[in-house]
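Presented sequentially are two complexes of chain A, the first with chain B as partner and the second with chain C.
Up next, the complex of A and B:
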């Protein structure tokens, strides 16, 4: 389990995370939602120890260090692959550094998405690059797969394929933490939704509970964020009145 | 086959996917240019000093001045290795270039920072440039030896001051 307690992170004087506490057990698909700048990426980067922070983040009771970092993988829209290296080169590199790398899964996913093995990744289309980024994260052999807006630039069919593949291949040990703005798209795919706003967790709910209560994920999110449905019509009305 | 094996070995000490051809061209090409430069400077200076050891009589025959002394090798060789020094320093620049590689065209730094082996990024950023510096310095040393050999062979024995060998090492060290 990843356990986050009292996590605080500031950039200069601005607090990006204000005492976040969260537990992420194995075997869950967690959607992490929030507006731009809410702290989603910062949270993931703190988990990965990329950023200095105060508070505590543990993985199965131990601080996350190089000893246990292989249990966490990361797919990001910023792309963490090596642009000049081919898929085959990445496979060799990952096999060398991550002993639990799943060659079988890698080859299956490369085949499924029809990605070339011997071309440099920089020659891929944006969609293919995103697919490859996620493939690497899924094949590393990690129990916790962090995905930060991994499908930015992929078309809807492509994303649908990915959700289905993810559901099909994940084992009970694997946890996916997926940060995305595509709420409705992932609503049927995630088991838990964590809502973050201005550096604070403002909502944390299992989708099964929402189903029991007869709510949709979108309605829960709107409710939590106090979304004002009449905001647009009022603004347009004011604009139109102003013009007249 | 052997070349491929060596290239593969070098790749293990370079940022993943980094094309190494430009670096190897810099090392080889730079060393050749530096060697020619060092030899040229040395030969020009040596020839001037060598010429000063002799006078020509009315019949046009060259004679050695009595008590003529050839300046020490270190004095003549001087800063002939200047280009080698610049080349070695520029190889250190590759270290910065290699570390910056992980931030270009994406954020592969995230992968490097997630590796269980914390030294991998340093291994892949420092080893090859240091190896290049050693190669350049070795080439410079060979050049010194060649020039020293020419100095010892062509300078008349009676014009040589003693302890040239130890003086040379004092210059190098």
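Up next, the complex of A and C:
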């Protein structure tokens, strides 16, 4: 389990995370939602120990270091691969550094997405690069797969296919933490939704509970963020009145 | 050990073909320029011919582009490879050392290729030049008389071999330092400075040591500075602060 307690992170004077506490057990698919700058990416980078922070983040009771970091993989829209290296080259490299790398899964996903094995990744389209980034994260053999806006630039068919594949291949040990703005797209795919706003967790709910209560994920999010449904019509009305 | 070799393999896979391609182009350019100069000035001695043919300039360009190719892997220009490096089973410090070792090997390869090419040009000269300009020791003497040839193959001048070793060592370290600094959002100025210094002192006449010890210390100083900076940065990272 990843256990986060009292996590605080500041950039200069601005607090990006204000005492976040969260538990992420194995076997869940967690959607991480929030507005731009809410702290989603910062939270992920703190989990990976890429950023200095105060508070505590543990993986199965131990601090995350080089010894256990292989249990966490990371797919980001910023991309973390080596542009001049081919997919086959990445596979060979990852196999040396991540002992549980799944060759079988890698080949299946490469085949599914019809990605070339021997071309440098830099020659891929943006969508293909995103797919490859996600493939690497899924094949690393990690128990925790962090995905930060992994499909920015992919078309909807591509994304839907991916969700289906993901549901089919994940084992019960694997946890996916998916940060995205595409709430409705992932609503049927995730089992838990964590809402973050201005560096604080403002909502944390299992989708099964929402179903029991007869709510949709979108309605829960709007309710949590106090979304005003009449905001657009009021704004348009004011604008039109102003013009007249 | 396999993990370290895989990192060296990573740098090798991303640069070797480019380095070899560049080398082929440079060698072809040197051969063309040399044969052209020999055709235009058949009565020149080999030392002057090497100078007139601008082979040393081609080598300088070759060295510069070689360095450019070597500093690119590991830089965060279009993707954040730092996210991968920091999740490996070896430290980023070890990655730096692996890259430095690989880069040193590449510079040794560059030097060997230039020596073989220069030797080939000298042999070509002995076949094409007028008989009155040739003797049984033409090639051997050329490597003493030509500043360029002597600089790449100093024969018995031990000091020059030492300088060459330091140049290769410092270039290896500095070119590995560049991507390391780049991943931290800094520009590897020492890499540029070191490249200029190495290029500046490389071609010198036989027995000339006026500025060489100073340059040597400068080069070493820069190399050590790079290592010092790297250790400092890495300590910050090891303690949990980075990016």
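For this structure, a couple of remarks:
One rule holds in what follows: the second predicted complex is superposed on the first by the 244 of 244 C-alpha atoms of A that agree within 3 Å, B and C clash if a C-alpha of one lies under 4 Å from a C-alpha of the other, contacts with A are read in each partner's own complex, and residues count from 1 in each chain.
In this text, a residue touches a chain if its C-beta (ideal position, glycine included) is under 8 Å from a C-beta of that chain, and two chains touch if they have at least 3 such contacts.
Just so it is clear, the model here is predicted, and its values are computed rather than measured.
Partners chain B and chain C clash in the overlay (superposition on chain A).
Of the two partner chains, neither chain B nor chain C is touched by A:111. By the document's definition of touching, of the two partners only chain C reaches A:51; chain B does not.
Contact with both chain B and chain C is seen for A:89 once the two complexes are overlaid on the shared chain.
Judged by the touch definition given at the top, the superposed model places A:74 against both chain B and chain C. Within the superposed arrangement, the part of chain B that overlaps chain C, taken from 61-69, 97-105 or 151-159, is 97-105. Shared contact residues of chain A with chain B and chain C: 48-50, 66, 69-70, 72-74, 76, 78-86, 89, 93, 97-98, 122.
Residues of chain A touching chain C in their complex: 45, 48-53, 66, 69-70, 72-74, 76, 78-86, 89, 92-93, 96-98, 122. Across the interface of their complex, chain A is touched by residues 15-19, 104-111, 113-118, 120 of chain B. The residues of chain A lying in touch with chain B in their complex are 48-50, 66-67, 69-70, 72-74, 76, 78-86, 89-90, 93, 97-98, 120, 122. Across the interface of their complex, chain A is touched by residues 2-3, 6, 9-10, 13-15, 72-73, 78-84, 86-91, 239-243 of chain C.
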